[in-house]
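Two complexes are shown next, each including chain A; its partner changes from chain B in the first to chain C in the second.
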Partner chain A sequence: MKGVFHLKKDKKMIVCFLTPAVLMFFIIFLYPVVRTIAMSFFRVEGVSDAVSTWEFIGIENYVTLLQTPIFLDSMKNMLKIWFFGGIVVILISLLFAAILTNGLYGKTFYKTVIYIPNIINAVAMATMWITAIFNKRFGFLHNFFDFFGSDLAKVDYMSGSAKFWSLLAAFCFGSVGYYMLIFMGGIERLPLDMYEAATIDGASKTKQFTRITLPLLRGVMKTCLTFWSIGVVGFFVWSQMWSAPLASELSTTTPFVYMYNITFGTQGNTFRNAAMGATVGVLMALTVLVVFFLINLLIKDDDVEV
Partner chain B sequence: MKKFKRASTLDMQKQLRLLPGHIVVGLWCLFTIGMLGWIVAASLSTSPEIMRGEALKFATGLHFENYVKAWSSNNISVFFLNSLLYASCTMVGSLAISAPAAYVLGRYVFFGNKLVRNGFITAMSLPQIMIVLPLFSLATSAELTGSKVVLIFIYIGMQVPYTTTFLISFFSNLSRVYEEAAAIDGCPPMKTFWKIMLPLAQPGIVTVGIFNFMNIWNEYFLSLIFASSERNMSVGPGLKSVLTAMQYTGDWGGLFAAVVIVFLPTLVLFLCLSRTIISGITAGGVKG
Partner chain C sequence: MKTSKLLKVVCGVCAASMMLTACGGAASSTSSTTNSESTPATDSTSQTESTGKTLTYWSMWNSTEGQAKVIQEAADAYEAATGIKINIEWKGRDVKNLIAPALDAGEKIDIFDQDYVFISNTASKYAADVTDMVEEAGLEEHMLPVLVETAKSYNDGALKVIPYQPYTSGVWYNKAMFEDAGIEKVPETFTELLDVCAKLKESGVNPMACDQGDGTALLMGYQLARYLGQDGVLDLVNNAKWGEVEEVKKAAEDIHSLFANGYMSEYSPSNYPDGQNELGYGETAMVLQASWVPNEITQNTGAEIDWGFFPWPAVEGGVDGIEAGMVGAQGYAIVETSEYKQEAFDFIQTVVTGENDLKMAQAVSSIPADTANTEWPLAVSGAEPYFKEMTISYLWAVGLQENGNYKDYIQEAINQLCKQEIDATGFVDSLSGL
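And now, the complex of A and B:
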């Protein structure tokens, strides 16, 4: 009875408290999403062209886009980042989480330092990698291989085919800390008695990890894969940093960078097509949706929630 | 090392058995610290020293003038103050909007509650490319492009779904007793929120406030689009312009000083509040 009384009395408060947040949601998310989807079915040149100048062309943007070699290359790059980077980041962060939840001294110190790259501005982080690690004259890798007299010292990590992989390595290095923390949270929430029973039964630490921890971490794994996928779709600043001083470069272009180039234009690029940018956006959102669906389909979530 | 001395022999044996683990994460940490350390050292060296690979020798002493140069002539001061403004305004603004919303969403049953929550969660996983074009045309039609207000407004809106979702769990875990006692004493519900419930949710408010501050300090894409003039630029695109300029001036010392100035605020914030921040990430499993 009291609850009903409460609710009625507070209707004014619910409206007052919720309206600003919902209004913001409408302006910043809902309206833009609807307009972006609509835009992808029209011919629109400039981003701020009035709706009255839009010309309806159906799915022509999608057809053209899927036949544009640069876009397909950028999709290929994104897929490579998602697949190879995903495997490396998930495996390393899982390994670190397992190590750090094993009763290591200095656990707090280790996890703090490993997380640091996540809180540093990506531009600063990328500048550090490009100079301190990958510079061909004074970078760490050059000095390291030079010390051992290896030919690898002559490799320029910022050009040619090495460029993509140096970019991926730097990006993955910074991502590990975040996923490690999520995995650690999951592991620390697992019931201890199961491990005690396993220890009594003579199961080794490794066996306990593969037979108890991993299966119970499915839900956490799902969270990590979801966040990783969202992160990779938003891959932009690292790509821009690796192509500097150029605005963009084929070997490191992602769909996000491609969309930026065709809608907001870059130096030496006069071709602008806002609707095509919107089409890229819709395709990326669809990609995220499909990945969500697949992850939920493949990983059954019947364990500890994180 | 100190910790080892205090440990009993049994613990020592255990740590010895865990040595491979120590080595793996230790090397990873060493690499991170080494990279940051080298950048700080290089920011105090001269460009010729850095090019010769002698940044760590300090043959000509410590060159603090790199910082003075970066701060004034490289315009880092402008970018720094802009980012400080963007991050602080967003932190306060998104909390002011999200905390009341999270309170009613977390504590009251009403029509549309679930819908709003799901909307916010969907918004959090939406790629930015889906929303940036209409926002840009909105800003253009409002003739507000090139002003700081637009970016702050967008940032606040961007952070609302995440901030609200994060705070809902904090509010829903508070006991009903407080509100009932306040109601019996004749305190109106809204006043109860501001005077009693909001202070009780302080740990959550502080954590999400720090996350928002750091997110905005490190934001790049929207700042690039909505604050493209040198006057409005934030540290991300600003530092990139310093890097581009460096290709022509060859001032490595100044570049590294700029890098340090850009990462120092979030690094210090993180090191001071690492416990709060790390437990926020581990517990929430939400992006931060």
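And now, the complex of A and C:
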């Protein structure tokens, strides 16, 4: 009887504590999500236009969007960032994590230095790269190659095809620290006795890394890939900084930049299509879900108890 | 024991001084309250008693900008004169994206400002028709006709915006460099422009510079518009006729020749604002840009240049000449649902005319909105005679950025042409495939 009373009391408490959070979730999160999904099936000009003014057009927005070259090109850019950037960031952060968890002197110092770009605002970081590193007259790269009399001093990193790669390099530089910390956390929880046994058996450090560390980091790798995918799908600020003062540029535009431009219009183009913006948003959310599903399918969880 | 006594004394002194400080603060704050409360009573001649009315104004400026300081002063003066408070929220340029959702959600806003075409076109449903108020106040006489006509064209003759801080565009040049090169007359045709460039190059300076993006878009936009006019360019953009109109290739050849002949600096097209800054570093003589460029160059480089101006030259067999140019302005909108439309209008009138308008023009070296203000800031004064003679207005970048779905392809082709990665034929080919 006493137990039942406690359970009832607990349920009341649970309801009391959960209600505000659930309500907030419905109002602040679920309502905009449902509205955005619904909007993608209508013709709507402004984001806040009354529902009564919406005109139902079925999947026309999706069909149009998937035939819009600039959207497809922005998807290509996003895919390139995901693939090439992903390889660079994951490999370098894994390498740093392996080195720093190997009893290196001054580990905390290096860890802090590598992580610092993550605590600096993306706009400030981008400005630093554009003006101090890539500027074709005063930038570090220009001065460095000029010192050695190399023709590379004349390269314009902020135009043409080089622009995409300079953007990617700067973005990857800022991302390494975050993934390095996740990998370090994963490596540090691995049991030391495995390494001791491997050392006694004569396995080199490289072999220990490839045969023990890497297989046991599958779960962490899955987490990192998921975070990386979500981050790349939401790629926006860096792209805007690289195309400034224009709203976007072909070589650096991404789906979110296109979504922003089509939703709110730009300086030379006052045309707005909030429903198309919503369609981009829904497609991007689906992309994240598909990537998440594929990662779960392709990478099995750690099958060794640690 | 001695220590404890000493501590007590120290504590006592501290407590006493804290009390005194507190009393002092109270006294001074009382006196300041008294002062501020007594102000309207004692100074009733210059300070009108508050009416209790407050107008909310969402501004496109940030509070630290030169324009904001002038607007704040105007609001303070308006409150002192009428007792109506103008509550200004400095939203910055994002007001463009924020205003519609805010008004749809029922936010009480009386005034907002943005690009005048944006208000006349995109935000017109939120803006009140001010045609009658403008007429009653005789404000139209103070407004630039080219702006009024453009604004009215979006709303069947109704005026929904009050333009201010207008801009024009054309070639801004360093007069001293022109003199050193022996150039006595500014070019009126593209052939003359090439001659001017050749003379400047001979004198040892870069004739021109430009930045990627708006800089290169203006170059190609102007050249196309000189051949085809505004409607012709829009026809190209909206109906993808790049391969069908032979003037496209001519314009591309002209622009390519500026780069191929070395009339553009070796760094052009640069990443913004490096190209325009070359004028500030004393390396380059000319830049094609809007009238905010002299102020930007001064801000970026600290250079004090004796600025000259001429409109982008005409071309042989072209539709438009120097009477056509890319002009625009910021604009004020009075919100349709505002209870205080007349009050809002009266306040706006104090900003866009007379002394405040002149102060704003001087603060950021811009063009005065009030036609009665004939004294233009020195940096932009060269544009005055051409601006007043202008009869045709172009859209921003002559409409090359008009189509959101393929403006980036046009821009990419222009940049490639300017970087000499493609020639005029390549330019036409790349856009014909769109």
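The criterion applied here is as follows: the second predicted complex is superposed on the first by the 292 of 306 C-alpha atoms of A that agree within 3 Å, B and C clash if a C-alpha of one lies under 4 Å from a C-alpha of the other, contacts with A are read in each partner's own complex, and residues count from 1 in each chain.
Note that in this section contacts are C-beta pairs under 8 Å (C-beta built on N, C-alpha and C of every residue); 3 or more make two chains touch, one makes a residue touch a chain.
Everything quoted here is computed from the prediction, not taken from an experiment.
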So, after the overlay on chain A, do chain B and chain C clash or fit? They clash
Of chain B and chain C, the partner touching more residues of chain A is B
Practice prompt. For A:Thr36, select first, second, both or neither according to whether it touches chain B, chain C, the two together, or no partner.
Written response: first
### Task
Have a look at where A:Arg137 lands relative to chain B and chain C in the superposition and call it first, second, both or neither.
both
Contacts for A:Met194 in the overlay, against chain B (first) and chain C (second): which applies, first, second, both or neither? neither
- Touched partner set for A:Asn121, first chain B, second chain C, both or neither: first
**OP:** Check the residue A:Val155 against both partner chains and state whether it touches chain B (first), chain C (second), both, or neither.
**Re:** neither
Once the structures are superposed on A, label A:Gly106 by its partner contacts, choosing first (chain B), second (chain C), both or neither.
first
- prompt: Of the two partner chains, chain B (first) and chain C (second), which one does A:Phe96 touch, if any: first, second, both, or neither?
  reply: first
Task: Would you check which partner chain A:Met24 touches, where first means chain B only, second means chain C only, and both and neither mean what they say?
output: first
Requested in this report: Would you sort A:Met284 into first (chain B), second (chain C), both or neither based on which partner it touches?
Outcome: first
Both chain B and chain C touch chain A at residues 47-49, 137, 244-245, 264
Chain C contacts chain A in the complex at 96-97, 100-101, 104-105, 115, 117-118, 121-122, 212-214, 217, 267, 269-272, 274, 395-397, 399-409, 411-412, 415-416, 419, 421, 434
Chain B contacts chain A in the complex at 3-4, 7, 14-15, 18, 21-22, 24-26, 28-29, 32-36, 38-39, 42, 50-53, 55, 97-98, 100-101, 103-105, 108-110, 116, 119-120, 123, 125-138, 140-141, 154, 156-158, 160-161, 164, 183, 189-190, 193, 214, 217-218, 220-221, 225, 235-237, 239-240, 243-244, 247, 252, 255-256, 259, 262-263, 266-267, 269-271, 274-275, 277-278, 281-283, 285, 287
The answer for chain A against chain C in the complex is residues 46-50, 68-70, 73, 130, 134-137, 156, 158-160, 243-246, 248-251, 253, 261-262, 264-272
In the complex, chain A touches chain B at residues 3, 6-7, 9-10, 13-14, 16-18, 20-22, 24-25, 27-33, 35-36, 39, 47-49, 95-96, 99-100, 102-106, 108-117, 119-125, 127-129, 131-133, 137-138, 140, 143, 176, 178, 181-182, 184-185, 188, 220, 223, 226-227, 230, 233-234, 236-237, 240-241, 244-245, 255-256, 259-260, 263-264, 274, 277-278, 280-282, 284-285, 288, 292, 306
